[in-house]
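Per-chain numbering from 1; labels A, B, C and D assigned in written order.
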Amino acid sequence: MKAGIVGATGYGGIELFRILNVHPQIDDITLYSSSQAGEYFEDIYPQMQRGQSHILADVEPDKMKEDLDVVFLATPAGVSIDLTPQLQGGKAKVIDLSGDLRLKDQSLYKQWYKKEPAGEAVLGAAVYGLPEWNKENIQQADVIANPGCFPTAALLGVGPIIKERLASPSSLIIDAKSGVSGAGKNPNLITHFAHAQENFQIYKVNQHQHIPEIEQQLQQWDEDSQPVTFSTHLVPMTKGIMATIYLQLNEEMTVEKLQSLYKSYYEKEPFVRVREMGSFPCTKDVYGSNFCDIGITLDPRTNRVTIVSVIDNLMKGAASQAVQNMNLLFQADERAGLLTLPVYP
Amino acid sequence: MKAGIVGATGYGGIELFRILNVHPQIDDITLYSSSQAGEYFEDIYPQMQRGQSHILADVEPDKMKEDLDVVFLATPAGVSIDLTPQLQGGKAKVIDLSGDLRLKDQSLYKQWYKKEPAGEAVLGAAVYGLPEWNKENIQQADVIANPGCFPTAALLGVGPIIKERLASPSSLIIDAKSGVSGAGKNPNLITHFAHAQENFQIYKVNQHQHIPEIEQQLQQWDEDSQPVTFSTHLVPMTKGIMATIYLQLNEEMTVEKLQSLYKSYYEKEPFVRVREMGSFPCTKDVYGSNFCDIGITLDPRTNRVTIVSVIDNLMKGAASQAVQNMNLLFQADERAGLLTLPVYP
Amino acid sequence: MKAGIVGATGYGGIELFRILNVHPQIDDITLYSSSQAGEYFEDIYPQMQRGQSHILADVEPDKMKEDLDVVFLATPAGVSIDLTPQLQGGKAKVIDLSGDLRLKDQSLYKQWYKKEPAGEAVLGAAVYGLPEWNKENIQQADVIANPGCFPTAALLGVGPIIKERLASPSSLIIDAKSGVSGAGKNPNLITHFAHAQENFQIYKVNQHQHIPEIEQQLQQWDEDSQPVTFSTHLVPMTKGIMATIYLQLNEEMTVEKLQSLYKSYYEKEPFVRVREMGSFPCTKDVYGSNFCDIGITLDPRTNRVTIVSVIDNLMKGAASQAVQNMNLLFQADERAGLLTLPVYP
Amino acid sequence: MKAGIVGATGYGGIELFRILNVHPQIDDITLYSSSQAGEYFEDIYPQMQRGQSHILADVEPDKMKEDLDVVFLATPAGVSIDLTPQLQGGKAKVIDLSGDLRLKDQSLYKQWYKKEPAGEAVLGAAVYGLPEWNKENIQQADVIANPGCFPTAALLGVGPIIKERLASPSSLIIDAKSGVSGAGKNPNLITHFAHAQENFQIYKVNQHQHIPEIEQQLQQWDEDSQPVTFSTHLVPMTKGIMATIYLQLNEEMTVEKLQSLYKSYYEKEPFVRVREMGSFPCTKDVYGSNFCDIGITLDPRTNRVTIVSVIDNLMKGAASQAVQNMNLLFQADERAGLLTLPVYP
C-alpha cells in the first residue's frame, strides 16, 4: 500500500512517518510539504535517516488521488478545507488530522476557529474517526476527520457514563493538561524552554476550539447534553494528556458498578485499558503508544465521579489514531503497526 | 531576634533558613534536628555555606522556649503534637508548619491523618495562620498553625466568592497541581526523576488530608458550605502550585463585577495580586516569592466561574508564609524579609 | 524462540520486555525476579498490560538452561558471576547486561567494582558484545558480556581514530553526560526529582567502573594505549548519553579525511550513523532507538579532534544492543525487532 | 542612587531589575527599551508588579548620562558599540553586559562576532569586570565590560593553576554546559521546549565567541598561553553553567597542594567557594545566587587535573556580577544586594 503524508515536517507528520515506516502493510511513503518542497526530509530530520532519503514533494492532488491508497493531512487549520475536495473521487482515502472536518455545524467552525468552514459536501462525507465509538461508519468511509487530542481523551473518558445517562450533563467539568508538543512546532514565547520549564500554565480558558467538538459527540450520546466546562493547561513535558473529569451522578451508585460498566464498554477495544479499582493512570503509562488508559472513582461524600483519562497527544491524540483509522478503512487488523508498548522510564 | 528551626534539613526548613538568613530582624538562627544532631548543616548542604557554619542542635524544648523568640516547626506529621505544648509558656512563639494543629475537630485529624490528634489545649491556642483572612487573630497569638500549601492556594482563590455567598458551595471543585517538592525530601519511586519527569500523575484522589482543612475554613465563611471535590496532581517541576477552581454561580453576574470584588477584597494585601481581566497567572509568576496570584473568569454559556490561583508551594505554601506570620506576631512590617520578586526565567 | 529475562522489573529488564514483545522471532517471554517472584509483572507495571499477564518466576537455572533459547541477565553487579556458570552447558545462550563478565583481568574487576570477580572459565567464555567491532566472535559465542552504556558511546566514537593510530592515546579525554535512568531504579537523594531537575551534576570523577572497560578495548586496538581521563555527568533528563571526546592528532590532517575514515569504517553498520561535516547529533536524535550517531570536527588552531557520540543509554547502551547481540547469536537479521526510528519530539 | 537598565525586557535585564529592586543603595530604577518604549514593564511581566509600574523609556543618552548614576546595558551584540561612547563623559558609570567591549583586539571581535568592533577610545576605557581578578582596576573605572557567562565560570576555575604556571597551557580543555536561558529570550527551534527537553545538545563547536575572551585573560596570566579547546552544550534546564576543565600538570603534585592553592587564592573572595577535597558542586548549588563554586581533583594515573566550576549564568554569569561591579565602582560593600543564598530545592 502506498501512503502520502502532507505536512510531513510538523509534529503530527513526523510521528506518522515513524509509525508507517514500520507498518506491515505500507510499502511506500511519499512526503509532501508546500513550504519545504524539494528539500530532503532527512536533511531536516537527520535522526530519521534509515536507508534511502525522502524528497519532500509538491502537493499535487490530481496525481496523489490516483497514485496513493491513503493520504494523511497533517496540516494547520484551514488547509484541508480546500485540499480534501481535490483529493476526493479517486483511489485514495483521506485522513485529516486537522480540525477542519470535525464540526458538522458550519457556524460552530466559524465561531470557534475564526475561519470560513469547509463545504457541506465534504463535511457530509467526513466520518468522525473515534474508532471505539464509531467503528462501523469508519470502515465504510472515504474521508476521516481524525479527532482532536483533547476530545479523544475526554470522550473516551466520559462515553459510557454519558451514554448510560448516569450523570447530569450540565455538571460535566473537564480539566485537561497537555504536554507542550500540543502547541505545535512553531516556536513562540509560551513554548520557549526557559519559559515553559518549571512552569505550569493555563491557556484559552473557556475558549478552546476543542469544546464544540466534545459537545457535538456528547449530543450524539445524549441529546439533552449541555455546554461543558473545559480547561486546558500546559505541563512542562513534551508529550501526554491527562483529562481529569468531574460529573455529578443522577442517583447513588457504587464505584464497583461504574467500574464494571467501563470494563464492559471497552472489553473488546484493544487500545482502551480500564484500570482496576483504586488505580489511576499517569501520562507516562501511555507514552509512545496508542493506548488510552482510564481510572474511575466516586466520592460518597459528594456523589461526584472523578474519571482520569490519559493518552499520548501525538499518538492516540493524533498520528497513531490516524493509523488505527487507516487499518479500519482497509479492513486490516486494527492493531497493525501499533503494537509497541509504552516507553518506560 | 533569635529564631530556631526544628527539622532544618527538610525542604521547609531549608527554605526558612534561606529567608531568615537575610531577614532584617533576625540576628541569630539555631538549627535543630533530631535525626542529624551534631552534624553541620553546611556539610549536608554545602550550597548554604556563608561565613560561620551551623551545628545541628538537639531539640531541647525547655531551653528553646526561653532562649528563642520564635521557633519554627518544620517537622513531619505527628511531631508537633507533643513538641508544641513543651514549647508553650516561655518567651518563644511557635509557628508550626505541619498539619498537626490546623484541624480544630480532633476526630477529623484522626480520620484524615490516621494518627492521634493534638490535645484540646494546644488546639485551642493555635491560630490558623492565613494572614489575608485572619490577621488580627494572628497578631494576638502565641502559637500559629501555618496553613497547608494546597489550602493556601485554594482558600485565597475562593475566599471572596464564598464569603459573599455568590456561588453554590456544593458545586465547588478544586483541581490542584503541585511540583514534586510538595512530596517532601524522602526519595521514593513516585518522586524518582526517571519516573516523575515527562510524566503527569494524579494522587490521593478524594483522600488528601488537606480536604478537611479547606472545608473547615469554608465553614467559617459560610456555615452552609458542603464537602468539596479536591484533586491533586504531580507536575514534572520542582516548585509551584496551581489550583484551578470551578464554581456554579447562584445568579447571573458579570465578570467585571467579580473582578472588582476580588480587587477590593485584596487591595490592601501586599502578597495577593489579582490579575486584570482575561489574564491568568502561571506558576512561574510567583516562583521563589511570597505572592499568590489570582485570575478569574466566567463562562456565560454555563454560568460557571473559573478561578486560577498560584503560589510557590515552599514559599507562600510553607516557609515564607510562616515568616509573614512571624512578622505579624512581632508587629513588624508584614513584608519584612519577603520583598524579593519572583525568579524569571 | 523462547526468551527469559532475569531482573525483569529493573529499567534494563523493562526495556528488554518491550523490545522482545514485538520481536518477530520471539514467541514466548518468561520473566524472572528473585525479589518479586510470584507477583504479576503487569501489577507492578500496569502500562505493560497487553493480553495475558506475566507472572514473575523464580530463578531456576537448571530448568531455564533447557527450556529457554536465550536468557538475558539484567541484574545488579555481582549476580551473574554465580548465575552464568549455572546457566551454561544447556540449550540457552546467555546475554549478561551487567558489568560482571566484561573485564578479562580479574584484578581490575576487584579494584573498580570492589567485589570478588567471576571465575576464569566463564570470563574465558564471555565475548564482549560490541557488534560493530566484534561481530564474528559474537556469532560464535554462548555467553555475551553486553557492553556498558558509556563504553558503547565512547568506543564507537573513538574506534576508527584509535585503530588507525592517528591520535595520541594519552591525550584521550572523554567527557560523558547521561540521563538519570543510568543510575537505576532504586530511589535516592541524587535521583530525587526535586534535586535532579534544573540541576547538572558531576559524579564518580576518575572513579567510574566503566573506565577499565574502555581501556581494555582501547588496548585491543592499540597496545600502546594509555590510561584515559573519563568524566561522567548527570543530565536532568531520563534517557540519553552524549560522549564528547577530545584527542590530539599525531600529525596534521583534514577534517574531510577524518570524516571519510569514519564513514568507511561504519558504512555497513546498520546502527551507526556518521553525520555530515559540520553536523552534530543531540541525544534526542537516537531516543528510543538502537542507533549510535557520531559527529566529528577538527580545530586547526589546536590540531585537536572533537568527536560527539550519542546513544540511548537503555537501548544501544543496554537492552536493544543485547537484542542486537541475540540476533547475531542466532544468525537472524541483525536488525530484527530494532527497526523503530527515534521518537521525536 | 539612580540606576538605568537598557534592554530591560531581556533575560539579563529582568534579572538586573529583580536584584536592584531590593538593593539597599538603589532608590530609583528607570527601564529603557528601544523596541517597546512606551509600554509598561509590568504589563509585559505581570509577575514583576509590586507597587508602582515602570514605563519603558526611550534611550536618550544625553539625558541618561546626567540623570543616572549607573547605566546597565543588557543589549544584544552590537548595540553598546555606539551607545557607550554617547553615555561617557557625564555623571553615569556604564556597565555593559554584552560582549562588545570585552576584546581589546579589534580584529578578534571582527573575526568571532562577525561585526564591526568598537572604537579604540571606548575599548581603552573599558575595564574587564571579573572582580576576583581585577578588583583594583574596576574600582577606578568608568566603563565596565562585564564578563561573559562561560568565561566567568572557566576563568575562575583555571585562574590559580594558570597564574602559577603549574599546567601546560596547550593541554587546556574546557567542556562547558549551560542552561537554555543562555541562548536568550528570542524563541527558535533549538530552544523550543519540545525540542530542548529530554535532550542534550552540543553547539558552536570550536566557534563560540567566548573563546577569544577566555584566551585574552589567559594571556594576562601567562603570556605563553595557547589556543584552548572549548565546547558548549545545552542542558535541559533553564539556568546554570558547569565548566568541566582538564589540564595536564607540568610536574607531579598532590591534590592537597592544589586544593590549598585554590583555597588561598580565593579565601578573601566572598563569592567564590572552593569545595573540600572529594566534593564537587552541581549547578543547583549556586542557583539564583552570585556564587561560583569550585571543586578540584587530580588523577594520579594520568597526572591530569579536573576542575569543576559552576555559576548561575544569569547571575554571576551576567546580572549579579554586574551589580557586584557596581558595588565596587561606588566603593560600597561588594556584597550589597547579593546576599541571597541559592534556591534549594
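Here is the rule we use: a residue touches a chain if its C-beta (ideal position, glycine included) is under 8 Å from a C-beta of that chain, and two chains touch if they have at least 3 such contacts.
Chain-to-protein mapping (UniProt): A, B, C, D = N-acetyl-gamma-glutamyl-phosphate reductase.
Everything quoted here is computed from the prediction, not taken from an experiment.
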{"item": "A-C or B-C, whichever has more C-beta pairs in contact", "value": "A-C"}
{"item": "Chain separated most widely from subunit C, comparing mean CA positions", "value": "B"}
{"item": "Approximate Å spacing (C-alpha centroids) for the pair subunit C, subunit D", "value": "39"}
{"item": "Where subunit A and subunit C are represented by their mean Cα positions, the distance between them in whole Å", "value": "36"}
{"item": "Subunit B-subunit C separation of Cα centroids, rounded to whole Å", "value": "46"}
{"item": "Numbers and ranges of subunit D residues touching at least 2 other chains", "value": "11, 179, 181, 185, 194, 197-198, 236-239, 284, 345"}
{"item": "Contact set on subunit C toward subunit D in their complex", "value": "170, 173, 175, 177, 179, 192, 194-195, 197-203, 205-206, 226-229, 231, 233, 235-240, 242, 244, 246, 280, 282-284, 287, 295, 297, 299, 301-302, 304, 306, 308, 310, 345"}
{"item": "Contact footprint of subunit D on subunit B as seen in their complex", "value": "11, 14, 17-18, 21-22, 45-50, 181, 185, 197-198, 238-239, 273, 275-276, 279, 281, 284-286, 288, 291, 293, 339-345"}
{"item": "Residues of subunit D touching subunit A in the complex", "value": "11, 179-181, 185, 187-189, 191-194, 196-198, 236-238"}
